[in-house]
Amino acid sequence: MAPLHDYLFLSAIIFAIGVTGVIIRRNLIVILMSIELMLNAVNLTLIAFSRSLGAIEGQVIVVFVMTVAAAEAVVGLAIIISIFRHRQTLDPQEMQMLKW
Amino acid sequence: MAISIEPLSLLRLIPLFPLLMAAGNIFLGAWWGKKRSGLLACAAVTLSFLLSLWVWWHLPAAGAFRDHLFTWIESGTFKAAVSLQVDPLAAVMLFIITGVGLLIHIYSLGYMGHDEGMVRYFAYLNLFVFFMLLLVMADNLLLLFVGWEGVGLCSYLLIGFWYQDHTNTIAGNKAFIVNRIGDFGFLLGILLLFWELGAQGVWTLDFADLKQSAHLISPQKVTLITLLLFAGAAGKSAQIPLYVWLPDAMQGPTPVSALIHAATMVTAGVYMIARLHFLFSLAPLTLKVIAAIGALTAFFAATMALAQNDIKRVLAYSTVSQLGYMFLALGVGAFSAAIFHLFTHAFFKAGLFLSAGSVIHALGGEQDMRKMGGLRPYLPTTYLTYLASALALSGAPLTAGFFSKDQILGQAFASPSGSFWLWSLAWVTAGLTAFYMFRQFFMVFHGDSRVEQRLKAHIHEAPAVMTMPLMVLALGSIFAGWLGAPEFLWGSLWDHWLQPFFGGPEGIPHGDLSQEILLMLLALASAGVGFFLAYLFYGRSGKIPDASWAGGGLYRWLLNRYYVDELYDRVLVRPLTSGAGWCAQIFDLGFIDGVVNGLAHRIREASLFWRRLQSGNVQHYLLGFLAGTLIILAYYLGR
Amino acid sequence: MIVDLVIIAAKALLVLLMVLNLAGLLGWIERKGSALIQDRIGANRASIFGFAGLGLVNTLIADPIKFLTKEDFIPSRGDRLLHTLAPCLALFPPLVTFAVIPFGDVLILGERVIPLQVANLNVGILYIFALASLSVYGIAIGAWASNNKFSLLGGVRGSAQMISYEIALGLSVMGILMIYGTLDLQEIARAQGELIWGWLPAWGIFFQPIAFLLFFTAAMAETKRIPFDLPEGESELVAGYHVEYSGGKFLMFFAGEFAEIVIVAALTATLFFGGWQVPFLMRDGFHLPWGGTLPLPHLGVVLLQVGAFLFKVVFFSWLQILLRWTLPRFRYDQVMRLGWKMLLPVALANVVVTAIIIVMTSSSTGP
Amino acid sequence: MTAPRMLFFILATLAIASSLAVIAQRSVVRSAMALVATLFLIAVLFLALEAPMVAFLQILVYAGAIMVLFLFVIMLLHPGASEGRRPLWWGLGSLTALLLALELITFISRSSPPTVQQRSTAGGSFGSPEMLARSLFTDFVLPFEVASVLLLVALIGVVVLAKREVH
């Protein structure tokens, strides 16, 4: 097994990539996917620590993270659909008025 | 000295009847019809009167009655209850309010019989009685204030009763506004009293508790409090400088004038000071002020009454003058005498007003005395009742006014806080009183008739429903004073009655007998001179003398009531309105709006700049958020 | 070490060949079978040296050659990368899925005990579902990359349909998992070797008949074949998600589809029909419930087991083809209604009832 | 370098490459496919970390359900307009993210690895379904139920949000 630090580094890098995606992309779907990326980076950390500490709780929490991520993605996509129906765009810059 | 208090749930019925009937007349009056509404209103007051009599009868045995209804406000240790209390002082007031009130109600049945708004009239009248009863029976200052304000409201409603006439509504407004000025002082006084006592750890407004702990307040504060309270009393009881509303208030129906402005409402101030006598006794300076203002009011109002030609205005100034007497008595510490004069005054002033009402009624609404004269054969009953009341007011021997006024004069001279100057002012006023009363008497009933021809045929005596109350009041004017005869005659039942309330004999100081008799004779002489002069100028010739006999200037001065209204207009109202206008149109627009708008503009400009930060773009926020995270992380890294 | 790797590689190769060959064979079975059902002759033209071989030459040799030599057409505005990736994604999951399906018990060669399963995973079922869920991408990506509205509609239909039926599929298996108490397919297969009341094999079908129907229906829907071939729907969408595919890529889609059939058949056999189990066959031979025993050599037992497994797989493949050529196509709303409003509630109820029965009988011995 | 470590580096490189592809692709579908690849690779890493159950759940839930939903929405909306170029903003965003990565890595490398305490793996090997289920249905049973409610809420919310008004 690779040392814990390797996994943490990988996780940090993937997380940073996810952050970059959220900041620079101008497509709501890609932004949402970048958020999933960040969540996965965190999951990786949890699993790595779970393995390293010999504690199953890390894996349990990952299961919960997945549950919440599923709910989040579904609701997010529903919002995107409903925004797209109103505005015909997915660019967050077009949604600065806090209203339809 | 503790007064034993007995609970008596009957008390709540006394104000309840008028209240219920007022509500009934307001909501169901149209259905009942005029006649029934009047009769029901009278019945309600009759019931209250009978209950009051019953209470009066049982009071000496009990000491005082109390009826706790419910707790109104409860905050910490402070508790204000809606509870009624009747002690000797309140009992006197109850008798006056319900008794004289009942007579006026009955009289109104005749006087207002043809009026469109009779239902409304009786509703107001009952409401007025209710509030007055509440004021008198309240066992704490807060409830008293409720009644106080309610009375003010009702006076406004009743003065402006014939609201179709603009001057009436103006008069109603004036009464209300001037009263508000006094009420403001009153309210401040209550709050200050409450606060100062609270600072001493006593959170209360109950009269009984106040009496226990009034001495805790520092003298300066007591002086301030009592002066503020007196401002309220001056407003309600029409003292200098707030008396101006009362003469104008004569715009209301005459029975209203009798009820409000002679017998009951204006006595509220006197009653309040008597009720809080323990507090005022702690403030000698305030008492001096009250005495001085009372004496001055008495004198000046009497002089103003000299030259009036309106039959009700003369009486109005007379009322102000007599109230001045009462305040003089209060000021010299003769609380009992003040209440006694209030009591007798209620009879003869109500009698005078109602008699005047009878005259006005007979002449179809004419109020100018210059268009009267020689009415004696037409109105025999009114003539007699008027004469009796006028005699009482003038202080003719053995009438009610004689005893009460004599007591005040005596106290003004003899009591420790009295003085020669106070006495002499009151003494001169007594002469003036006799003069203007009989001037009026002669102008109305004697001499040549100056009644307009078209009215002459219709002059008639009032119906029995009006004359009966007149006769009762006339009898009262003669005999009510006998309750308070001086020691050297048969002694004062009155002082025995009120003694438990005002406390020991220190409230009724007595000079020696010879001095007392001397003062009495002097007062009689003054009244006699007044009467003689009135006869000389107005009674003998049967004509109205040329007004300029005493030098045109002084006469005009008096006729126009010292131009006080004009003075107030110039000094207070105009500067105030013009100042307000300046504030509204120049200061407000130019300065305040300028400052506010300028500020708003600056803020707007700043906001327009800073709001760029809030782009609405989530990604910008995230970048800021990330930058913050980076800084925090860097901080921990750098440590 | 090296030997282990070789054995694993050999097993993987064996399974892969088995699946691919089976898939190819199924192509022939389908052609000839459908001809049989529709009372016609079927493929019989292509021949090698005059040998048409009941159409075998056609399906096994001529068709692949034809496909592979056809032009590989990519729509000009499509996504070239994804267009190429899609058929791989369609073929890859079914092939890999076979890794956890046991095709026999153990083969003992001298000292060496070789489990007849490519990879022994304790979460085997999950593995299968995970990979099955990936097969959506084949059609979704292929549809999108084609830049064709029929493709796109087919792709949308396909992904919705597969997500919908995945739930019913998973839930229907829950009952089996609860009864056998494991996610390991080999364990499940072994557990089915026992006997109830001394004579009835403890096959899943006897415990979970409803689950079997649900599973088979949902699995057929997952394979996107008639009556569930809405993603293709010739009459509506021309050819659905693979309108724009031709040549080798189309062959891959085609092969993937047949591989899925094999997977479904293998899974059905493993979960509900004893997998490689032959009734009453133990490791040392037959033990009949009424007392008779028939000892067999080890190799013979293994061959019998593998043969039984193969037989079951072929049987269920044939059953699917039979159904495909028997039933008409559903309407799309009917498909969705069947999935969400019938299969799903029934599967849920089945899980609950199974759980209750298990709890009630847990004091006594469960299978 | 041992074989597992080499395997890790191969997987890590691939994961980073594919996650970069997620944010770098102009085509949304390609981004999604890159994300699927990343998820798959992370699942493999999970396997290496003795979490097979979570690994397959990851594929099943993330790759199999969530990402299909993404694809589904992409195909449904078919967003055509491509994003405008904003080099300055991209540079700024990338720079900050890079800084974040650097700081995180520095932070991690400075920290000492936690002390390893192997716990008794009652009921199956570590990461087995039994062990996970035992933990899930004993210590975490309340979160588990709450999560189920959350899913229900999300379900209803999505129906409300995305359902077209039918008049």
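As written, the chains take the letters A, B, C and D, and residue 1 is the first residue of each chain.
The rule is simple: contacts are C-beta pairs under 8 Å (C-beta built on N, C-alpha and C of every residue); 3 or more make two chains touch, one makes a residue touch a chain.
Just so we're clear, the structure is a prediction, and the values are computed from it rather than from any experiment.
When the C-beta contacts at A-D and at B-D are tallied, the pair with the greater total is A-D. Each chain gets a centre from its C-alpha atoms; the one nearest the centre of all protein C-alpha atoms is A. Subunit A and subunit C, compared by their mean Cα positions, are separated by 34 Å.
Once the centre of each chain is set as its mean CA position, subunit A and subunit D turn out to be 7 Å apart.
Subunit B and subunit D have centres, each the mean of its CA atoms, that are 86 Å apart. Taking the mean of the C-alpha atoms as each chain's centre, subunit C and subunit D sit 29 Å apart.
Not a single residue in subunit C touches at least two other chains.
Among the residues of subunit A, those in touch with two or more other chains are 19, 23-24.
Residue positions of subunit B touching 2 or more other chains: 619, 623, 626. Under the touch rule stated earlier, the contacting chain pairs are A-B, A-D, B-D, C-D. Residues 27, 29-30, 33, 36, 52-53, 56-57, 59-60, 63-65, 68-69, 71-72, 74-76, 78, 124-125, 128-129 of subunit D touch subunit C in their complex. Across the interface of their complex, subunit D is touched by residues 1-10, 12-21, 23-27, 29-30, 32-34, 36-37, 40, 43-44, 47-57, 59-60, 62-64, 66-75, 77-82, 84-85, 89-91 of subunit A.
Listing the residues of subunit D that touch subunit A in their complex gives 4-5, 8, 12, 15-16, 19-20, 22-23, 28, 31-32, 35, 38-39, 42, 45-46, 48-51, 53-54, 57-58, 61-62, 65-66, 69-70, 73-74, 76-77, 79, 81, 83-84, 86, 89-90, 93-94, 96-98, 100-101, 104-105, 108-109, 113-114, 116-119, 126-127, 131-132, 135-136, 139-140, 143-144, 147, 150-151, 153-155, 157-158, 161-162, 164. Residue ranges on subunit D touching subunit B, taken from their complex, read 92-93, 96-97, 99-100, 103-104, 106-107, 110.
The touching residues of subunit C, counted against subunit D in their complex, run 79, 81-82, 85, 121-123, 126-127, 129-134, 136-137, 140-141, 143-145, 152, 155-156, 159-160, 162-163, 166, 183.
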